[in-house]
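Chain IDs A, B and C follow the sequence of writing; residue 1 opens each chain.
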Amino acid sequence: MHIPDNYLSPQTAALMTAIMVPVWGVSIHKVRKQMTQESVSKIGIGGAYSFIGMMFNIPIPGGTTGHAVGGTLIAATLGPHAACLAVTVALLLQALIFGDGGILAFGANCFNMAFVMPFVGYYISKLVRKLLKFKAGDIVSVAIGSYFGINAASLMAAIEFGVQPYLFKDAAGQAMYCPYGLNVSIPAMMIAHLTVAGLAEVIYTVLVYSFLKKASNQKFYLEKDFSRSAKEIGDDSVKEKKDFSWILLLVLMILTPLGLLAEGTAWGEWGADEIAATGAGFTPKGMTEGINFEAMIPDYSMAGLPDIAAYILSAIIGVALTVVIFKLISLTHKKRVEE
Amino acid sequence: MARMEFKNVSFSYGEFPAVKDFSYSFERGKTYCIEGPNGCGKSSLFRIMTGLSFPDKGQFIFDGEEITEKKMKRREFATSFHQKQGFLFQNSEIQLFTSSVEDEILFGLVNMGLPEEECRERAEKYIHMLRLEHLRERAPFNLSGGEKKRVALASILAMEPDVFILDEPLNGLDEDTQHWITHHIDMIKSPDRLIILAAHDHHFTDKVADIKVRMNKDHRLVEE
Amino acid sequence: MKNSPAGTKIMKTISLLLKNDTEMSKIEKGKWVILPALRLLFVLFLIILISLSKNAAFVIVVFAGLVVRLAMLKPETIKMVVMRLVPASLLTAIIMLPAVFLGNPRSLIVVTGKVICSVLTLSELNASVAWKDLTHALQDLHLPQIFILTIDMTVHFLVILGRVSNAIVEAVELRTCGKKNPNWKKAPTGGILGTTYLISERMSRESSEAMVVRGFSGEYKTLKKHKFNWMDLLYLFAFVLVLLIFIYLERAM
């Protein structure tokens, strides 16, 4: 679902970024108020799971691929605001270091995956949770919430893609950016995400959530209204238990090369050289003359290293940097939350 | 036999004389106080006593053996010499150079080559004695003046030397700690121990010293 | 940050840099889980390989390992390490900037990457091993006693220098009675710097005397005993692994 550069007009990109600025501001503020230093470090682990989730590409009939994002997962464990920040950082690293997702399109990608997904996913999970009061009810509600979350995000992306040809044409009447209108983008993205990608998201979310339930030593955001002692989010007063949330992360990191098996590019993530062949018949002007950012480890591959090794290495770097970034951010937080 | 003997010792820093023709015997079991105006040469005497400087003229004899620069170059000789003495510097700042109080106290013990058990036991004993438990992990550099002095004292006490040389031990301490140190010096006196102090405070020296050794402005010993 | 003239800035920077050294060694107080000598050797080994490598891929592999290590440290330590990294990398990037204009942007990234890796690995060593354990490491590696002594005394001297210069800057500021920015043009900076040096030199000499008087004879002794355990083995394994990766990647070029 990563929108590359030159698929959205600069105006669209600017608009989406402008919308995200207050969202980021609010999230930073809320996380500041609600979370202690140690739990902010945990957001790093959440961000890492999101990063890894996005590396498991799954083939979708029709020749494209999709992947899980994990936005709802983080929202359920640490809260939607924390999830917003976590996914933002993951997307940032992907865009800057790996060239996955555009630089100008960063705002739009965050809007879809760091804002719409976690919030929609969270509130639906919460709604369902109220109805399913049994013990494993949280897992089911998170499954349902994540499904809605990823589809809401993909709908947004589809709309962002689809309005481009109507609004932004060159002198010859041809689309300058994404050449496919709503009539193509919406079905394409939604079919992929209502089926395979949605399923991937649900499975990933349930898998990691259940693991964290046993391995993590903190109370989950989603459960704060349902457990008897509703304390601060991510409160580590349960200190007797050691935190093992990173173990699954290690396992998944090693398994990431499975994501290389899926050939084909996800819908809307084609390079400038591929797009004419996908049915448009031409290469939009915005792509030939637009911004061209050269990432350090483009597409998670490196000259001199076999693809599998480069992929795992990229996973390692992405995870480690996410953890480091949030540990640094945690320094600006207090050790204890004020009452 | 005198523990320490000075025979016509003269010493100068370049062209500036510090000690002129000093002769004296220091006996075991007694507490001496070296008094005199600032600049009379007390600190220089201490430097000679602890083997940090050597007389230009005359002899300094410790336990019957003359201490010369050549002899002190031998590692085993120097180490055993230093182990017999505990020197409290006037400025505790420079005396403390490790990263924790516990390390500071262990330093001398480890250098003495004592087995681990004993090092730890002694460190514990003196940490308790000087009430340093709550400062154990702190860096000596960050402590207050009084605390620094206690740490310095603990680190030389732990080595359990026979000779104690204390250069202005009450310097910079509050009244309570001053009382405490005075009391403590009384406690460490024994028939085997030689204690030499330098201090200005007459109340203190009257209480603590058996014999007073006076030096004058001219860097000479004043005959009693 | 005050608008201080160059003099104060220099003094303050020096004392800040030197302050970091003493504090960092206390932050991650390891209990010799891994023999310090082994760690030191590994770091040197890594730095040599990094500078020898002609392959960007090797630098990235090493970088990945170092970032993982970084992620395992405490937040405060990470901050200190990163703060050291930034000036070194910026400086390198600026120096290498002409390469971009000459049409070889790749070399800017590779050289900066190498500098980042070298500084990272040294800072991480600094963060996990106390200075006095490093002196033991040097001893274990049979470095001549005189070298270790000189290095140790120099480090102590620098630490003392930092404190003294800090104090002197404060003293000067106090003596310029009420003015916010001491007029360093009028201040006898030469004399101040000279005095700073002399004071520090004397203090470090007295510090060595204090060590001698407590029985120090040039040999660094310690109570810590180290049993060769599986963590050491892991380190040796890492040695071999890194070497193999290096050889493989260099062959591939």
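In this text, a contact is a pair of C-beta atoms (placed from the backbone, for glycine too) under 8 Å apart; a residue touches a chain by one contact, two chains touch by 3 or more.
In this text the structure is predicted, and so the values were computed from the model without any measurement.
If you take chain A and chain B together, the chains in touch with both are C. Averaging the CA coordinates per chain and comparing them to the mean over all protein CA atoms picks out C as nearest. Chain B has its Cα centroid 69 Å from the Cα centroid of chain A.
As a whole-number value, the distance joining the C-alpha centres of chain A and chain C reads 38 Å. Shared interface positions of chain B, i.e. residues touching 2 or more other chains, are not present. Remark: chain C residues 22, 25-26, 130-132, 156, 163, 203, 206-207, 209-218, 221-223, 225 touch chain B in the complex.
Only residues 55-57, 60-61, 63-64, 67-68, 70-71, 74-76, 78-79, 82, 109, 249, 252-253 of chain C touch chain A when the two sit together in their complex.
Residues 37, 41, 44, 296-297, 302-305, 310, 313, 316-317, 319-321, 323-324, 327-328, 330-331 of chain A are the ones that touch chain C when the two sit in their complex. Taken in their complex, chain B has these residues touching chain C: 50-52, 75, 78-79, 82-83, 85, 87, 89, 91, 93-100, 103, 106-108, 110-113, 116, 119-120, 139, 141, 155-156, 159.
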